[in-house]
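Following: one structure in structure tokens, then a few remarks.
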Amino acid sequence: MNKVVAGADEAVKDIPSGSTIMFGGFGLCGIPENCISAIVKKGINNLTCISNNAGVDDFGIGLMLQGKQVKKMISSYVGENAIFEQQLLSGELEVDLVPQGTLATRCMAAGYGMPAVWLLAGIGTEVAEGKEVRNFKGKNYLLEEAFDSDFAIVKAWKGDTQGNLIFKGTARNFSPLMAMAGKITIAEVEHLVPAGELDPNAIHVPGIYVKRIFQGVNYEKRIENRTTRKK
Amino acid sequence: MNKVVAGADEAVKDIPSGSTIMFGGFGLCGIPENCISAIVKKGINNLTCISNNAGVDDFGIGLMLQGKQVKKMISSYVGENAIFEQQLLSGELEVDLVPQGTLATRCMAAGYGMPAVWLLAGIGTEVAEGKEVRNFKGKNYLLEEAFDSDFAIVKAWKGDTQGNLIFKGTARNFSPLMAMAGKITIAEVEHLVPAGELDPNAIHVPGIYVKRIFQGVNYEKRIENRTTRKK
Amino acid sequence: MALTKEQIAKRIAQELQDGFYVNLGIGIPTLVANYIPEGVDVVLQSENGLLGMGPFPYEGEEDADMINAGKQTVTTLPGSAIFDSAMSFGMIRAGKVDLTVLGAMEVADNGDIANWKIPKKLVKGMGGAMDLVAAAKNIIVAMQHTNPKGESKLLPQCTLPLTGVGCIKKVVTDLGVFDITPDGFKCLEYAPGVTIDEIKAKTLGRLTIADNVKEIVV
Amino acid sequence: MALTKEQIAKRIAQELQDGFYVNLGIGIPTLVANYIPEGVDVVLQSENGLLGMGPFPYEGEEDADMINAGKQTVTTLPGSAIFDSAMSFGMIRAGKVDLTVLGAMEVADNGDIANWKIPKKLVKGMGGAMDLVAAAKNIIVAMQHTNPKGESKLLPQCTLPLTGVGCIKKVVTDLGVFDITPDGFKCLEYAPGVTIDEIKAKTLGRLTIADNVKEIVV
């Protein structure tokens, strides 16, 4: 069982144009920087990306937008960048907006083998259009389908050679859910360690969900909204 | 915000007869020994217990069966004890058998605010009787309702004064799911520590789900099936 | 004098009770954290996956892996817990968060809220707003009473696409504090120097005035 | 000579492929772990929440907090992961476990299985069996070909209450190895010294014999 690959280029080499790919991260926090770069370099296109956000002009999924690689974004909050706006207005880019908790839960459902879930968000709004509504114990819920994806790409803090992953801080966000949801899951990690170094009790994503793992390099970890206080 | 109570007696003091209570544990592994003793001492009855198993004659939920405190068991595997069998045959005890993964997921659903889930287990069997079946992408699923419970009682390895819980080994099992599902969740822990001592990244149940917590005492941690090899 | 944003936040902070788990939205709601009353212990939830959100880090101590739902760098506190986004919205959906405070573009007198989309303007998305308003058990809206054109934001019905239906219980504006009742907005308090007539003039939705209406103390 | 339980386990072990995640049920299936072929790296999943199940602990090193789904004390291995029961069955349901091996009371020639309940006897429950048979993508049944009364356990249809419908792909008994095909059981291999006639006599369900049927080598 060898899940370790040399780097991002090898990890993404079989992703074809037209794929549906999940990208972990919230804003720029916890995004798989290495794999995004490799996909940009590779130049595949016509991609459907499931990701809470779409990066900024010159970082994250924004880089893939620059290269016109993305056909459709499935996100809860987008448009922190001008290229995105321009492609959306010109009709080059399709956007499917999904409430944030619904997005997370539809990813979880896939990883847990549940075909659909009943959720509250969006009842009575345009999000509910065309969806089945059912009342359970006095509250209305929408039937929301699990997300299928050909690939899921996440960045973890630590990972071992068996594919077990641990995230740090709020860089966790959607990443474990997507890692569990992908048909083929690729994990880049800040620290790749031998099997046995991680506490089995502290693992966020068991290795069974991860097909490929590699030691990432040169993380920029850009901060989107730096807020501080004075000492 | 003070969640810490003195001990088991105080933690369970307001549980009335007739309650529905979830008990964490798999077999005798990870069961809330202190609270079970306190409930036995308290003598409430007519209880509905949601627990994967029903203990053995003289330990775990078996002690509550001895005292004829249990009206109904909702479990996946029961009957490791003679008292159980006798009460079942005499009609004193009602049993609702639920596939193990379905039991776990119906607890999770409650903790995640999902009223029902679509699950595979039991399709075409007597478990499916009276339940809605729906085909998603070529497979049939049963609609299974989330479990409501008045109280959830779990044993964790470590817990802090904010109610955050960490489990050890396979004593985790159903416990985090039930801890998240209970209307009122009580956690007994082997090690109660001040807030700040647990790694925020390694917490299995965030304190928001836990109403009462206490330092447990005198854990027997009985082994049901001791298997070893020679050095 | 209408309340300042800080005063709106301060008034909302009076609603906090010891032991509350609270989710604060972006904008005025975020400011509520600065006015938590003495002796009241609340835990802030950030829907990207953090319970026990602490203050901004000291300069130079920012951690790119530690942000809130507004993507601001934040810190943890003793007793913080971190989790994934599904669990985060799970605890909201399950009613474990005691209070949610968020902003709005419009609130209707039946509790509908619109705060995510202006037709013909670029749509950035609802983020977690729809989840929060649909699932939170107790929601307070913090907003200006009127929009920049001076038009009422407290309406008989929302004109913008809805974020949630019948979910708002209380609104705190620069002019007053309002419960949402079967009879529409009920003015409980008015800002110092603001008259009931001014509130009536600036509220398009159904409005009643509480018998014991009083001046806001912040 | 019919196969011993150990030989059944040994034959099933030949089905293991490098990199497989495998769930082994109680009884004969558990023995499969003793015969994993050299150079084949498999990870054992125990449905109570353990991936990377190791051998029994050395005497005196038992940990009450570390058991498998059969409630036996076990150990972890380097690279093990522990999780809750919902995730455990989640990964099974999502098809991440490559192979499940379990025992049965009866298997029908359409792949139905019965292994949890005998009417009029005390019912102990299905445990995780229904979840496993409904969700696992590849299931092998390990069992005796006949029951203690000598009656076939490979049937045209199950007489006992079902555990799962049309889910079994392969059966390994003390007499042979059988695929389940649209034409019923297909005998691929026979135990050394066991004749095809004996297999035919002891199989009540529809049975075909593979053209290249051969003796089991264990």
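Just so it is clear, A, B, C and D label the chains in written order, and each chain counts residues from 1 on its own.
As a convention for this text, a residue touches a chain if its C-beta (ideal position, glycine included) is under 8 Å from a C-beta of that chain, and two chains touch if they have at least 3 such contacts.
Remember, it's a predicted structure, so these values are computed and weren't measured experimentally.
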> From subunit C, what is the lowest number of touch steps before subunit D is reached?
Replying inline: 2
> Any chains in contact with both subunit A and subunit C?
Replying inline: B
> More C-beta contacts across A-D or across B-D?
Replying inline: B-D
>> On a C-alpha centroid basis, what's the spacing between subunit B and subunit C, in Å?
In response: 36
>> What's the distance between the Cα centroids of subunit B and subunit D, rounded to whole Å?
In response: 29
>> For subunit A versus subunit B, what separation do you get between their C-alpha means, in angstrom?
In response: 33
>> Show the residues in subunit B shared as contacts by 2 or more other chains, in ascending order.
In response: 105, 112-114, 119-120, 168-169, 172, 200-201
> Considering subunit C alone, which of its residues make contact with at least two other chains?
Replying inline: 76, 82-83, 86, 90, 92-93, 135
> Looking at which chains touch, is this a line, ring, star, complete or other?
Replying inline: other
>> On the basis of the stated criterion, which chains touch which? Give every pair.
In response: A-B, A-C, A-D, B-C, B-D
>> For a test of understanding, state which residues of subunit D touch subunit A in their complex under the given definition.
In response: 18-19, 21, 41, 43, 45, 51-52, 76-83, 86-87, 90-97, 135
>> Considering only the defined contacts, which subunit C positions touch subunit A in the complex?
In response: 46-50, 55-68, 70-74, 76, 82-86, 88-90, 92-93, 112, 122-131, 134-135, 161-166
> Which subunit B residues qualify as touching subunit A in the complex?
Replying inline: 105, 112-120, 136-137, 139, 141, 145, 166-169, 172, 199-202
> Okay, in this complex, where on subunit B does subunit D touch?
Replying inline: 26-30, 52, 75-80, 85, 88-89, 95, 97, 99-105, 107-108, 119-127, 157, 168-177, 204, 221-231
> So in the complex, which bits of subunit B are touching subunit C?
Replying inline: 1, 110-114, 160-162, 164, 180, 194-196, 200-201, 203, 206-209
